[in-house]
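Quick one: the structure is below, and I'll ask about it shortly.
Going in written order, the chains are labelled A, B, C, D and E, and every chain counts its residues from 1.
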Amino acid sequence: MKTALAILRKDLLLELRTLETLPAMALFSITTFVIFHFGLNRPTVEGQTAAGVLTVTLLFAGILGVNRLFVAEREQGGFDAFLLAPVDRSAMLLAKATALFLFLAVLEVIAVPAFGLLLLGPSLGPPLPSLIAVLALADLGIAVIGTLVSALAVQTRARDVIGPVIGLPLLIPALIATARAIGPLLGSGGPAPLPGKWLLILALYDVVFALVAYAVFDFLLED
Amino acid sequence: MKTALAILRKDLLLELRTLETLPAMALFSITTFVIFHFGLNRPTVEGQTAAGVLTVTLLFAGILGVNRLFVAEREQGGFDAFLLAPVDRSAMLLAKATALFLFLAVLEVIAVPAFGLLLLGPSLGPPLPSLIAVLALADLGIAVIGTLVSALAVQTRARDVIGPVIGLPLLIPALIATARAIGPLLGSGGPAPLPGKWLLILALYDVVFALVAYAVFDFLLED
Amino acid sequence: MVDTPAIELRGVARFFGERIALRNISVIVPAGATLAVLGRNGAGKSTLLRVLATLLRQHAGEVSLLGEPLPQRAFAVRGRLGLLAHEPLLYRDLSGRENLRYHARLHGVSAERVEDLLREVGMERRGDEPVRLLSRGMVQRVAVCRAVLHDPEILLLDEARANLDPGASELVEPLLGRASGRTRVITSHDPQAALAEADFALGLRDGRPTFSLPADQVTPEHVRELYA
Amino acid sequence: MVDTPAIELRGVARFFGERIALRNISVIVPAGATLAVLGRNGAGKSTLLRVLATLLRQHAGEVSLLGEPLPQRAFAVRGRLGLLAHEPLLYRDLSGRENLRYHARLHGVSAERVEDLLREVGMERRGDEPVRLLSRGMVQRVAVCRAVLHDPEILLLDEARANLDPGASELVEPLLGRASGRTRVITSHDPQAALAEADFALGLRDGRPTFSLPADQVTPEHVRELYA
Amino acid sequence: MPTYGKGLRGLSILTLTTIVVALTLVFFWVPQDASQGFIQKIFYIHVPLAIVSLCGFVFGGILAVMHLRTGDRRYDMRSYVAIHMSLIFGVGGLITGSIWAKASWGHWWVWNEPTLVSFLIVLLMYATYTPFRFSIEDPERQGRYASVFAIVAGAFVPLNFLAVRLAQQYVHPRVLTLTGGNLPGPMRLTFTVSLIGVALLFVTLWKYEMAAKNARIQMRTLRRRLLGDDDLRPPQRSAAPTL
């Protein structure tokens, strides 16, 4: 736990040392929505389309975040240094997944209001609590899978393909569930109740992969 | 010219060895289509919406490629080695833009059929030639801007964020033109003729920024 | 009880695919002694050090460090050994101080120790600059701090003094040198210097041992043969 | 016509922000001679070499290489100089051979030259492995090939023999050594060895010259002062 | 070294007068717009702000070209200050525009006004300028890269307007058009005076900031001369050029 905190702290330091990331992400999300506006050529979106837009934005940010999180470890020997320390391997999983989760969460804190302001037809207020729940679950999934897969990619050294090729397909179920769960919330007639089925699937997905990640992570880091 | 070829060759070889960029780009776009396929309540899209989804997806995938364009040069001293050679600096621009263009082209060879299969309502066959023309022009724009932005971002500390943040707004005009040019091609009633206006704007965009890039690129490599 | 040796290797082998990086290595280093590993480029020196550092597993044979067999009880010896490899293992975008603080937290070492060490290697005034902006020798100084931060019992030094100026070499002597009292495994491409500070010597050639002797029994003939 | 010196610096300065990395450096190296640059970690040796390599511009003073003023005519001397810096400047995911072929293309050198060089440093059989999998010394050998690939008139060597085993040191002698007939600027943390193979010596301290003399006039006193 | 303080006082007075005159005209003289009422008066602040800010960006780009051509770092400083000022003016334009939109259309944001959308994109672009500078340590490289940025962004501005304007199939019916001849006389006069006032304000602020920056640099040079070079400080990071 303390180890995970140390790693997390180091990552956040690396990432945020000048707080230039946050404004950058704010700009980035606004730009993204401007792009969707022009791309879809609609002044507003709602329902499933809105859900799709949000999910894809999330996915894109996730990939960027994953790249960023593990590059320093790989290029600068951070993994070796970590492996030399007398600490629990899973701390790395915990720390990296948390960092990724935070990255996504911060992005959403900025991007979702921007989305509401710029692109979303229906008001953002009513569906917000449910939306937060869904997004949190989705972030968790992306964070766990992203960490697992990048660790795999870093450690195999011959890091060919592995990262995205395994990671993205693995994420598809979670992403579909996310889009489906969000869709009804953003309907033009006001939010429908949260679709429990999709939420459940998402939660199940998170739990399963968190357990799997925890179980296999140690082996990934050895050798 | 020969220099550019040498660099290009090296870049392609590196990509072939590490497969870091293309799989991520391709899988990202396919994942996006899958999300929209299962996420939208419509099984298919057409017209402007189809054009928007396709363009935005390709643009994002392109940004993923942009981010990695100069990473190897920076981390492994490739810039220095290149600067030591008695060759024209612009060769780097030419080579990197070509590499990016090729990546995008390969990406499209995979992503466009996937799009036709997963998402597009109307048949992909009839509009294909016009589509290829538009995409080629769009790729050119992304390649030039992407190279420029990537060269700008790679020497900064927040490189992974700064690249997309500068690149996306810069690409908006190209994106608008592309989406608008593609829209009529994918109409449900069969392809309309290519909208010349947008093609022209796209071409103008490409030419202007190619010239600007050529003019300023040297300054990015010195020192 | 008989003193357990600090390091004991018996018939150790390690492959990379088909390539033999280490083969049939047996050596014993008593606590506090220094082993010099010599050999040509690619002989397997760094690989051996990485095996000892628990970063690589052996494919055959037995390794035990401080009485604990590897790799089974690797977790028990981590934190009791320090590695200074070819790469400094520092984050280039963090400052030396931040890097060391991070490692201090990982190893449960106090922040004062970081300051002490930085002072000892003469980097206290440059400690707040990103490692990327430091000169190569300064980076190496910080890397030395990293390796000895947790006061390890075993030190694995892979050409540790490369890039250090003569003054810095002296500064790090109490940390890395024989006087530190640690059990050490060192590699160097200066066989004379290495043998002078070693108690035992292991000669490697294409991953196989050519000699494994007390340092004072290594003859110039041995050395010549090793590099021939 | 009087022979133009291969390297001529007059009052050269270079800053990094407020920091003075070089100040008031003046030195002349005739063609074919060797200049040893000595100094502590952070003295500015690598910075000087990077200025000479046209990778950094001086902020004050004049630099001329082979009679061409820098940075104005940098393009005219690139391709006539070779740099071996702290970093090998090789792509880690490409093989040694691929790396060298790439540089050969950039420099307009034939592919045979690559093979010859690889053979000369004893890497012809390991030339097809990604650099990332090579041992540190093997990487350095490939880096040596890279630096002399285009048969440069001026060689800038930043601790060029670090990580090379004694045998490899001999192998690269005809390429990097005095016998190569090139004008050389070398740095080293072994002042004795460096002075022995140099004609001129420049001592740097915090970026400022402490001495600039023919190598045989450098006394142990000078050296002591430099590192004190 | 040029002294940017010269003539600054006269310029300040002129600017102040023009702005006071403009405000007087806006609030006490020009007739209220028939359909939009009092809120329409924000037009006289909003549009000049936006126009001046755009011109400032282009100005910054031109200065950046000069920087790269001459290698004189002072041009970088000028370009930096120009873009910085333009950003402030641009945000002002965006906010006043937002207020206007809220008052007249009931939304803070509308997509069907091409100037507005394209200006948003331009602002998004330039908003990265300062963080971008800040993330480059080497002052010289910082200047060079920032200039490249400024040039590329400068070229981007017109292209962006073209594309965005064409993309709008339906343009909101307009009460006022700058180019069209249907701006009534008093309105045109008021608008022109406002525009001149804001432009003068821009120039004045630009000069003030240049003068301040200049003074600081001269201070440092002096201090270095007095204390000698041995004042070895680590390179301090700043988005602003340090020369």
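Methods note: a residue touches a chain if its C-beta (ideal position, glycine included) is under 8 Å from a C-beta of that chain, and two chains touch if they have at least 3 such contacts.
The model shown is predicted, which means the values in this text are computed figures rather than measured ones.
Asks: What are the chains that chain C and chain E both touch?
Replies: Intersection of chain C and chain E contact lists gives A, D.
Asks: Same residues or different residues: which describes how chain A and chain B meet, taking over half shared numbers as same?
Replies: same
Asks: Name the two chains that are joined by the greatest number of C-beta pairs in contact.
Replies: Ranked by C-beta contact count, first place goes to A-B.
Asks: For chain B versus chain C, what separation do you get between their C-alpha means, in angstrom?
Replies: One centre to the other, that is 47 Å.
Asks: Just give me the whole-number Å value for how far the CA centre of chain C lies from that of chain D.
Replies: 29
Asks: Once you find the CA centre of chain A and the CA centre of chain B, what distance in Å lies between them?
Replies: 24
Asks: If you look at chain D, which of its residues touch at least two other chains?
Replies: Those would be 16.
Asks: Send over the residues of chain E in touch with two or more other chains.
Replies: Where chain E meets two or more other chains at a single residue, that happens at 121, 124, 128, 131, 135, 137-138, 167, 234-235.
Asks: Residues of chain B touching 2+ other chains?
Replies: Expected reply: 17-18, 157-158, 162, 165, 169, 172, 176, 180, 222-223.
Asks: Going by the contact rule set out above, which residues of chain D touch chain E in the complex?
Replies: Against chain E, chain D makes touches at 16-20, 23, 206.
Asks: Which of the residues in chain D end up touching chain C in this complex?
Replies: 16, 39-42, 46, 86, 126, 133-138, 140-141, 159, 162-169, 189, 191, 227-228
Asks: Where on chain A does chain E make contact in their complex?
Replies: 18, 20, 23-24, 27, 30-31, 34, 37-38, 41, 43, 117-118
Asks: Under the touch definition given earlier, write down the residues of chain B that touch chain E in their complex.
Replies: 148, 152, 155-159, 162, 165-166, 169-170, 172-174, 176-177, 180, 197-198, 201, 204-205, 208-209, 212-213, 215-216, 219-220, 222-223
Asks: Mind listing the chain C positions that touch chain A in their complex?
Replies: Touching chain A from chain C are residues 53-57, 71, 75, 78-83, 85, 87-94, 98, 102-103, 105-108, 146.
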